[in-house]
């Protein structure tokens, strides 16, 4: 009969209308500034620089190798190498970036810089609230703004960070072993050196 | 001769002139709608409420819209600029002017129009309805027939070409 | 000048404007508009004479106006249908160029 | 209504006649010469204020209601400025209309370069003025008709005709193909649905025997000794007429599901695509005022106007009944908008000419039958059959040859 479908449809909408008041679970809207959906693990916005420890500038993993600067398709990274060196996590002396700028208004979030980095020093952030009143200066992030603790990365990408952490522990262990072996070898050599006169 | 009549009359005449002599046909039709509205106001002022509202309903609501549709359907919204008036336009204008002068002289010279006092009675809608259903029932039926015939005729005329073309 | 004269003169003026338009313009639609204007001028006369006439209770003028409005509506419908048919046939609405009897 | 009636009502003050008394008091405070003028100005400002506010509230309620129908919360942010403390600071979004109004007021008014400037400017005005005029004959309560006209219904439809012209003016003057398409659609739709609208309204006129809207309402009031009011919607022909009127009114005021003149997904916004800022707001206002006026007329003709449905409920003031019914009808329109998808142009025209028009004509006969059979049990059965059988038959033929099975999708599912 004509009109039957209209009445059925109106019943459905009425059910939704009443239901949305009685059962808040039905409301799919997330009221953003107050409520947020936790970011998915693979979410990515713009890159940031990882540092270890408490001091952001001292703990930067970046060694200013400039691979990311060369690979970046929109060329939004600018790096200047330092004159001096400082030890990295394994204790090896490395350069560090005196200037590390990313223009996030140019960045296209392609993640190539992350993929090419041999030192796990640059990672993608999930931070998206970057609005600023100055569209040139405000969106050009310097290394002080870019540096974020490894703890932050562990929070947003736990799986990946666990892998990296394991690898780095391994690296450190190897470095230590090597150091130990070197030390032993040195000690042996020294002992030999010492022994030689005894023998000799 | 009061101010309200003067205002409405001026509006009606100006828009009627616009309806006749503007270049853009859509403007003409819109001016015509204003003329119809002005006439409806004059009817109201004369105490013929029913006729005034019927005028708006039929003329502004239907005839003006019909003319607009016709203008758009025949794509004559913009005149091409030349040949706005027919070749012997001065003849037509002369005839119209003569008609007006004659009518005006008749009106002014007539004894019938001398100092009439407007009648007081406002016709109620009920009185009009009763009259339509008693004294004027035959014209009413004829009008009904005419309207039906016009409806069917208009449809057939407008459709004719299409059917033969098939 | 009394009031009835004012209405009658206005009606005459409207009639003359309509007549002038219908006689001088080339476009068929404008000719139709002119005819409508003339009909309306006549209606105004009917109403004015009814109002200032000897016995307004008879409603003769009002009835005339009502029937005239109905006829004008029918006339407009048929007239515009004719104009559209002519336009389909001759591809013009210029009354001066619609001069052949044979289709 | 003239001032003598007001003074007569002064003798019987009460909640029911609150506004009438108030107006009489205000008018009597002015000198005799300008009293009619003051009375008119008071009526006009009351109408504009009340319906303006109603329009504002309706826009918010509509958006919230539609949101709830789609399981969204709807606007719930904008509250009053400078009051951002306490639990009521957001007003649950009911300050939205103020923000929208301010926004449209201060937006740039863009007129297309090739537009017909004068007509482009006049179009929104010529939409709002007739619609506002239409309010002047609606009876909002007992003795609360702004102008008591003998031919009130005719006046209502006559001024309604003016809106069609303004739609055309807006569409044509914008020099935009979408706006012209929208205007032509709107005109075709309005002209087609005006016929069933007037025919279904005529049923009430036929039975009551007057075109005066106030008299139609008085005729529907419960007579002494009756417990149920004589609302026309309580009869078979009245119910059918009400439904037909409601459908035609929906189409006439371009509301969903008959909103193809606006058709956002096809022709963007129809005839007011080239309007921005305050002119757009006026169009919006005009549309809603048209809806209110149509709802008011439906209430007056079929839902008993300002009368109470049951006799002992008449202690509630008459104007409250009117506005209560108005709110209910507006809610119904919102509900319909949230439920039904937009129809196609051919469906729309078929529905008007092949379904609405015959049914409206049959309903006219139905009223006559009801009148001459006296309204008893027999006439109930006969009248229900007279309107019911054509409804079933026409409904069937309308869908003849259409397969309306469950919808299948090629790629989804």
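For this structure, a couple of remarks:
Per-chain residue numbering starts at 1, and chain names A, B, C and D are given in the order in which the chains are listed.
As a working rule, a residue touches a chain if its C-beta (ideal position, glycine included) is under 8 Å from a C-beta of that chain, and two chains touch if they have at least 3 such contacts.
The structure displayed is predicted, hence computed values, not measured ones.
Innermost chain of the displayed assembly, by C-alpha centre distance to the whole-protein C-alpha centre, is D. This structure's chain pair with the greatest number of C-beta contacts is B-C. Ranked by how far their CA centres sit from the centre of chain A, the chains are topped by C. The distance from the centre of chain A to the centre of chain C, with each centre set as the mean of the Cα atoms, comes to 83 Å.
Put simply, the C-alpha centre of chain B and that of chain C have 5 angstrom between them. Centres computed as Cα averages put chain B at a distance of 30 Å from chain D. Spacing of chain A relative to chain D, judged by their CA centroids, is 60 angstrom.
Shown for chain B are the residues in touch with two or more other chains, namely 50, 54, 62, 69.
The set of chain D residues touching two or more other chains is empty.
The touch graph of these protein chains is an open line.
Contact between chains, using the touch rule, shows up for A-D, B-C, B-D.
Partner chain C is touched in their complex by these residues of chain B: 1, 5, 9, 12-13, 16-17, 19-21, 25, 28-29, 32, 35-36, 39, 42-43, 46-48, 50-51, 54-55, 58-59, 62-63, 66-67, 69-71, 73-74, 76, 79, 83-87, 89, 91-93, 95-97, 99-100, 103-104, 107-108, 113-119, 121, 123, 127-128, 131-132, 136, 139, 143, 146-147, 149-151, 153-155, 157-158, 160-161.
Those residues of chain D lying in contact with chain A across their complex are 65, 68-73, 76, 335-336, 338-340, 355, 391-392, 394-396, 398-399.
Across the complex, chain B is touched by residues 119, 149-151, 154-155, 157-162, 164-165, 168-169, 172, 180, 184, 187, 191, 194, 209-212 of chain D. The part of chain B that touches chain D in the complex is made up of residues 26-27, 30, 33, 40, 49-50, 53-54, 56-57, 60-62, 64-65, 68-69, 72, 77, 122, 124-126.
Interface of chain C with chain B (complex): residues 1-10, 12-27, 29-30, 32-34, 36-37, 40, 43-44, 47-48, 50-53, 55-57, 59, 61-63, 65-67, 69-78, 80-85, 87-89, 93-96.
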